[in-house]
Every structure is written in C-alpha cells, then in structure tokens.
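Shared between the two complexes below is subunit A, which pairs with subunit B and subunit C, respectively.
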Partner chain A sequence: MMTNHGNRVTQGQFSFLPDLSDEQITAQIKYALKNGWAVNVEYTDDPHPRNTYWEMFGMPMFDLKDPAGILMEINHCRETFPNHYVRVTAFDSTRGWESPRMSFIVNRPDKEPGFRLVREERGGRSMGYTIAPYAADRPEGERY
Partner chain B sequence: MGKSDDAVAAIVSRHAQEDGVVDLEAEFRASNIQEVLDTLDRELIGLMPIKTRIREIAALLLVERLRKQFALTSETPTLHMCFTGNPGTGKTTVAMRMGEILKRLGYVREGHLVTVTRDDLVGQYIGHTAPKTKEVIKKAMGGVLFIDEAYYLYKPENERDYGAESIEILLQIMENHRDDLVVILAGYKDKMDQFFMSNPGMRSRIAHHLDFPDYSADELMAITKLMLADQSYRLSPEAERALAEYVPLRMALPHFANARSIRNALDRARLRHANRLFAARSQALTRSDLMTIEAADIRASRVFREGTPDGVPAAVGLVTGQGDLR
Partner chain C sequence: MGKFETNIDAKPRYSAGVIPYKKMGYWEPDYRPKDTDVIALFRITPQEGVDPEEAAAAVAGESSTATWTVVWTDRLTACELYRAKAYRVDPVPNTGAGTAIDAQYFAYIAYDLDLFEPGSIANLTASIIGNVFGFKAVKALRLEDMRLPVAYLKTFQGPATGIVVERERLDKFGRPLLGATTKPKLGLSGRNYGRVVYEALKGGLDFVKDDENINSQPFMHWRDRFLYCMEAVNRASAATGEVKGHYLNVTAGTMDEMIERADFAKNLGSAIVMIDLVIGYTAIQSMAKWARNHDMILHLHRAGNSTYSRQKNHGMNFRVICKWMRMAGVDHIHAGTVVGKLEGDPLMIKGFYDTLRETRTEMSLEHGLFFDQDWASLNKVMPVASGGIHAGQMHQLIHYLGEDVVLQFGGGTIGHPDGIQAGAIANRVALETMILARNEGRDYLKEGPEILEAAAKWCSPLRAALETWKDITFNYASTDTADFVPTATASV
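Right, the complex of A and B next:
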C-alpha cells in the first residue's frame, strides 16, 4: 500500500531521500546549532505515524557548540539500537515556538515490513479503515 | 587543441604538486597568526617558555597545513597540554588564548573554552559519573576543555572514588576524538607530578607539558601597569616608586601568588583611593583625581608597616603565616 520505494517509513525531513551520510547529518546539526536549537537523539521500534513521542537517548544536549558531540551520541545510539528507528530532533525554546523545528531519521531497521490495512465493520454498512505496522505484532524490543 | 592541451596541463599541474614550490610566507600571512602572536606578546608579560612553545605549535600546524596540500599524510598532531606552575602565573589566561590561537590555526573548529573542575566531571553515585563527564566533553567539542586543579580528579586514598572512571572516559576521548577537542590540564607542579605518576596513561597522551615560571619583580610591575590601564587608572610617579618598593617586599612574604597578589593589592589601593577622595569630599574633583592612585594609597599597606600581607590580622599572619592566600 505504501507508495514509496521499499516500504520505507517516511516521517520528518529528508525521509524520501536516501539515508544521510555522517557528513550530511553533521551539516544539518550545524544548521540547528547555528540557530540555537537544542538537539536530541530519540529512538523507537514502533513505526506508526501517530507514534509522536519517541524514547529519548541520554540527556537532552543544551549549550553545545559543535556537531561532533551529537554525532558521537548518534553513533552511540546506533550501536545500542542497530535495528531501531533513530531520529534527531532540534528543539527551539524561543517563546512562541517551544517545539521541535527539525526532525529527521538517521537510522532504520534493515527490513521494514510496512503497514497492513485494517478494516473495521461498523454499524449499518459503514467501514472504518486504519493501518497497523506489521512489526508491531511482536512485543516491544523484539520487533525488528 | 582541446583534449591534448588539457592533458598536458593536468600533467604539468601534477608535477607542480609532486615537487612544486609552496609559499610559506603567503600562507603565514593569510592565517593571521602574526596578529595573535603579537597580542600574546603585548598582553602577556614574561612567560618566555610558554610563548616559545606556542610559536612552535603555530609553526607545526602551519607546516602541517602545507603538507596537506601536497597530500603528504601524517597523523593529526596531538595538542593536549598540561599547564603547571605556581598560583597566579597565568595558566587560565593562557588557556583562554589557546582556544583562539588554535582556531586561527584551523586546528579546532569553534575555539571556545569550557572550564571545569572535579565537581563538573565526577558524579556522586554509581552511574552518575559517565553521563556527567560525557556531557562536559560534548560541550567542549570543537573547542578547548580546560580542567583546572586536575590532580583532584584522582584520589588515591579512596579506591572507590569515581574520579578514576572520569579519567578513563577522558583518556578514551583524548585518543579517539583528537580532531574534535583539545584537553588542557592545569595544576600546581608537585601535585600534577603525583597525578601523572599514578596515571601513566594520562602522561603519555599529553604531548605538551608547559611549566609556568614565576614572575620577576620587573615583570610584576609591567603587569600592574597593564592591569591599571585596563581599568582606566594610573599611578602617580611617587606611587610608582612606592609600588616598586612594595613588590619585592610582598614577594618575600608567605603565600605570594604572583599576579593574583598584585591584583589584590591593586584592588585594596583602589579602595583606599576611593576612601581618600571621599574623606576630602568638600573639594571639587577633577578627572585626573579620579584616575590617579597616589603613593599614600599604596604606602598604607600593612606590608610596609608590619611585614604581613593585608587582609590578615597582624598577629595571626605572623604566628601561623596563614591568611591572604589569594
């Protein structure tokens, strides 16, 4: 059902592009730091698009000047969770924003099985439709 | 035309690359290093061994940059440093400059200085130290991590102390992230020597051990003038003579902390200066009155009268030699 190639989950920035290289990630983080946003590393193994709050990897990183520290943390997270989704978010704390300004995936499982269409018969003859990730059939931590 | 010419040009340029000439002078001028070195000379009095070493490092990095143009590979030089010396000899001041110098030379990307002590690195319970140390390291990346009083990190008398864990993480980062940050340890000479004795890994990973010499009386006078000029004060000729007498007297006293003692003496002279002006407040004051420190402001110091530093009750100072440590 997914229209993108290889069932790749598409959320956040750059998700229709091939995976970013470390240099490209560094460049993006540099942009976030230049704007004074706090960069965080988050992970999850539930690819559902409505799964908004991912687990945070380590502490949020405030007051950093250079992307090298964050890249170190990303690589640490990739080592710890090689088969999870890992994303980088940049949080803008200025009043009025107070929300993530950037978010992009930096690590994904080797095989992404995609989503199943779930039909629900409702009262009368109406049908409800939703999607469910195949991976979520298994318990958390054993999905990929 | 066309292809063959291009081919010839390519060969010529490759030859130039293989055995070409490169303009060290132009590269030197382009890097603005001279400007940094000049400010260093102007604003830091004395400290010859330190300045020489900074010059050497600058030269090394410049040559390294040229070598890169010829694709001569060599490992990134390690620039982790250890500053030892008595109190008030300018260790922190030089570390602050180091960030800027290394940035000009293109060795670090941001050139900011993160100053930490044991408290910022070592945690209070199991599992607290590693995240704490890593957080500091991440903040310092792209710049200089300055660990003041570094010998406190390791407490040999307590084998359960978490300092060792912090040192381990630091060692690993110093080895694997050489391009990302420069670590400078600072502390008093004898204690740092002890620290390195018990942490040989640390010693071998630090390439530059710089020992800060004590200042001579003349150098201290020059420093005084620089400090006063920064704060828009000046000495009257008599005050200058008084200070020239004061400095050797103070140097002979216990707990002399080089430039820091002098700064404190100046602060107290400013206090007396303000007090004197206040006492004579019925008279009109000129701009020069507000700026000039007179001999009386300096001669009122207890160093002249009783031979003890200011800020210590005379009796205590004489008996125990404690007091004005700073």
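Right, the complex of A and C next:
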C-alpha cells in the first residue's frame, strides 16, 4: 500500500481531491472546450512517472464540442478498463504551447501497491536510483 | 544615413575642444527607430541647470561612442551609424515643479544593431549600463525598459528548457507548481537537510529548493547535500508516483567548480540545478548552454537584484533583468508574489510575468511596459513566487500570478504545526481545490476563503494551516510603482 496522503498515485492535477463526480468532470470538460482545447482519454496499467505514452482510447476529440458526448467516451473507457488508470488530457494547439494544458486521473485500480525503489550503489557514496511499479512485474493487462 | 550627415556641419563639429552632446549628434528628435534598433528607455534626473535633452544626449553619447571631448578619429568611422540617438524626452508624471520630487524625464535612445556582439548579454550591458550610471551630468539614472529587436533575440539561445517542455518532463499540467525553500537556510547538516526535502516532497510538493546562500559551507559541503537530496527526491518519487525535484544550487567561486557540481547533479539523476544572479551574466549564459546540453532545467535565484532595482530614481527596473534573463537562457526566475513579504506592486509584477511568459507583449504603460516586444519564439520562463506566502492566499496567488508559476511556500510548509508533510498536503489541497473551482467558472477570488474552508472540512492539515496563518499579511507600500495609471491623465 502506498503510504502517502490518500494512499494513491498523485499524478494529474486533482489527485489530492476526492474522486471527481461526473458533474465535476463535465465542468472541467467545459473549461477545456471554452479554451478551444481538444480532450483526449488515455489508459494504462503502468503508472511509472516517466511513462509518457499511455494508450489512447480513440483519437483526441478535436471535433466533439458536446460535454455530454465527451463524458460518454470517458465513461466508456472506464467501463472497458475498470482496473486501469484512466486520465483525461486537454491539448492546446496554439503556437507557443502545442502541448497538454490539463491532465487529471478519472479512474484508478482499487488497490495501488505503489513503486519499488532500487538503489544501485556506485563508486563513492553515489547512488543510481530506479523506480518500478510493483504491478509492472506482471504482464500487461494482468497487473491490477 | 545621409540624413544625419546633413544635420551636422563637419568642420566645426570636429574642431578640438568640448561641445554639448546635443551638438555632437546624440540628440535626433526626428529619428525614427529602425525595426532592428535596440531601444533603451532611461529615467533621467538631470543635474540643476542641465536641460533634459542635453542630459538625454549625454546618456546616449556615454552609452555608445562618445567621450568627454571631440576626437577627430570619429571621422575614420561610420560614426553617424554608431552614435546612439536620443530621439524623445517626456517629463515623468508627478515629478518636478509642484511636487516634492526632482524633475525626471523618460528618454528614449536608439542603438544600431551593429553596436552589439551577437549572443552576449555582457556586451549588451557593457554599453547600456556600462559607464553611464556614474556620469556627473545626471543626478540619478534608471534603466526602465528595453525593446530588443527580433534580429538580436535570434542570436540568443533563450531558456534551456522553457515552460512547455518543463511541464512535459515533469508530467504536470494545468496548475501552478508547488515548491518550498529548505529552512533554516543555513546550518543544517546534509542528512538533516535531506529530511526536510523528503518530507515536503512526499507530502505533495513538486520541488524543494536550496536557498541562494547555500553553497558549500563547513556545516554542509555540497556533495553531502547533493547525495542526501537525491535520496530524498527519489524516495518521494517512489512514494507518490510523481516526478519530483530539488533545485541543487551549483553556485561556486569559479566556473569550473560550478560545472563540476552541475555534472555531479546530473549524474545523480537530478532534473534541475540552480544558480544565483550574483554569478554574473556570462556565467549564467554558460550555465544555460550547459543546461540545454544536459537536459536540465535551470533555476535562477535573483540574489542581489534589489540593490539596484528597488529604488525608483536610480539603477534599473527588474523588468529589464527579466528580459536579459530570458535571453540569457534561464528556465525559472524569482519575480515577485504580490501578496508576500517582498517588494511587489501588482501592476508591476504583471509586467514582469508577461515579459517572462508571453510570446509577444504589447506596450502597456500601467504595467511598466514601454514597448511592443516580440519574443522571437524564445522559450517562456517560469516565474517563481517566493517569500511569505501561505495556503490561505491561494485564490489571490492564482488570480494575480496565473497557473504558469512555481508557488514556493517555505515557512508555509515547514512551519506547519503538524509537520512538514502536513504543510505540503495543505498547500497541494488548497491549490487543487482552487484550480478546480476556477475551471468550474466560480468567482474564486471573491469566494476564495469559502472554497478553502469547504476543503478544510475534509482536510485537517489545510484546516490547521488556515488557522495558523489566517491573519498574516504584509501590507507595506511598494517603492517600485507605476508612473501611469490606467484611467487618470497625468497631472498638469
């Protein structure tokens, strides 16, 4: 079990808050749409902090402007992968950004065992550090 | 250039002796700056009896080609091109006759691009602020702003990483980053120091920071600090699943020592290193190149700037430092909090933040921005707000500073009654709950206290933080304030 506040992976912009309701998620989708950002849904069972490329649940919804429709896609992903991490990101295509502007987790496994820290002793007192999710010891799709 | 040659009759102009700067060609009221000119705006307080145009011409002369007397060797050069040209002088509102302040003037001076070495802040500043600030004809002098032409900006690397790539590397989007400076700033051993770092990062901060004067002292040599801090960073990262960092201050007595420390930080896996402004412009540019070559974020503490940026009549405005540091290539710079313990008028701070973060800034006199400035695609610098801020101000901080900022709660984390982790939790919960409310369209500035109270109902660390610091504010008048107000006209 993770021993941090909330006993959970705290990636994303709202992980310190109670899990967001559908209504709260919808409000965030509206904020993204108001800014002209494209909402994207991604899932993974490898929550390593440097695992950048979570699996895309379809394409970013560039042309879908209906918050209820976007929420349906999010819920579809959550139903398909109930024991995965699912995050919602919002992409800004304007010059000077061209990058996500929002990212928050909307689904997570019931139990989050956390990460192993491996210390590799080097010369002197130096240490090389490796972080690995305990769950990633098992094959993809069988982790949570 | 023919235009200027016709203005001056060469024979009397180059007769040996001393003539006014205005007559030497440094005052050109009809000059229209070229797109490639560097423009500097000075606030000049002339000595008694010196007329403002002559004072402006003198500043132009002393910051470009002039010396105190006529020299015939000018005529071996394209001197009309190399002379800086004062082309406009405006009285500063609310100074001079009828006020308690000596008459001041804003002087606009244009410099040809060929006066400057490409890619060198040292060379730029050696001209613009080199000799001229000690010049007797002016009682006081302040560099208020500069317009840097795109052609010149393109010769600078700019921020090693920039806001966008920093966020991508950290995997943190849509909210300000959270930091803290380890306290006490002096005296902790490496082992104890790392404890503070671990507790704050595990509690929920993204970064912890060395202070400006933590380098390598008898109580903690730099290698000890780096080793223990990286243990703390990695432990916290494993405990949370987040990318974490500690700004390892590599400031040292020589460039070689700084590089040695930065290399050690990199080899230990740090995402970020830190330098102080006092190391100097050339050292900063060298470290910015090193940072880009080694995938490292570069944090700059503005140690020393208030010695010349705070007083309104002499020195230089901090917005100019912001511009030079964006060119020099730092990724973070301390740029004020509005509500904290250090100097900072809200309008002025908005000008600093816009200068660091926008791709283009428009002239805005009430924010102290005297020129349109295109940033020529140089990366954006992440401003850092640090000094006397706490969770109870979260709505104000987000309102004034926006979301691309590092909010650093040092005392406001480490001084929490229930410990450092609790302090970090309080700050992170306050931040996330306020961003959620902002995005929901709530009037979060007005409703801020209620939004925080509501979160404090389920988050006891936040409850304790709000209780501890509820009445702490720093309401002192700023010294560096706007000369122009948005609505009023200048007094006549």
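Basically, the second predicted complex is superposed on the first by the 137 of 144 C-alpha atoms of A that agree within 3 Å, B and C clash if a C-alpha of one lies under 4 Å from a C-alpha of the other, contacts with A are read in each partner's own complex, and residues count from 1 in each chain.
Criterion: a contact is a pair of C-beta atoms (placed from the backbone, for glycine too) under 8 Å apart; a residue touches a chain by one contact, two chains touch by 3 or more.
Values in this document were obtained by computation on a predicted structure and should not be read as measured data.
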item: Overlay on subunit A: subunit C relative to subunit B, clash or fit; value: fit
item: First, second, both or neither for A:F14, with subunit B first and subunit C second; value: second
item: Computed vertex angle (subunit A) for partners subunit B and subunit C, CA, steps of 10°; value: 100
item: Partner chain(s) touched by A:D66 [first = subunit B, second = subunit C, both, neither]; value: first
item: Partner contacting more residues of subunit A (subunit B vs subunit C); value: C
item: First, second, both or neither for A:G58, with subunit B first and subunit C second; value: first
item: Which of subunit B and subunit C A:Q28 touches, first, second, both or neither; value: second
item: Touched partner set for A:N75, first subunit B, second subunit C, both or neither; value: neither
item: Three-chain overlay, closest Cα atoms of subunit B and subunit C, distance in Å; value: 16
item: Subunit B/subunit C common contact set on subunit A; value: none
item: Footprint of subunit C on subunit A - complex, ascending; value: 2-5, 9-11, 13-18, 24, 27-28, 30-31, 47-50, 52, 89-90, 95-104, 114-117, 125-129, 131, 133
item: Touching residues on subunit C, where the partner in the complex is subunit A; value: 164, 167-168, 171-175, 202-204, 223, 227, 230-231, 234-235, 237-243, 267-269, 359, 377, 380, 421, 425, 428-429, 432-433, 435-436, 439-441, 455, 458
item: Contact set on subunit B toward subunit A in their complex; value: 109-110, 112, 131, 135, 137-139, 141-143, 177, 179-181
item: Residues on subunit A engaged by subunit B in the complex (per definition of touch); value: 58-59, 61, 63-70, 72-73
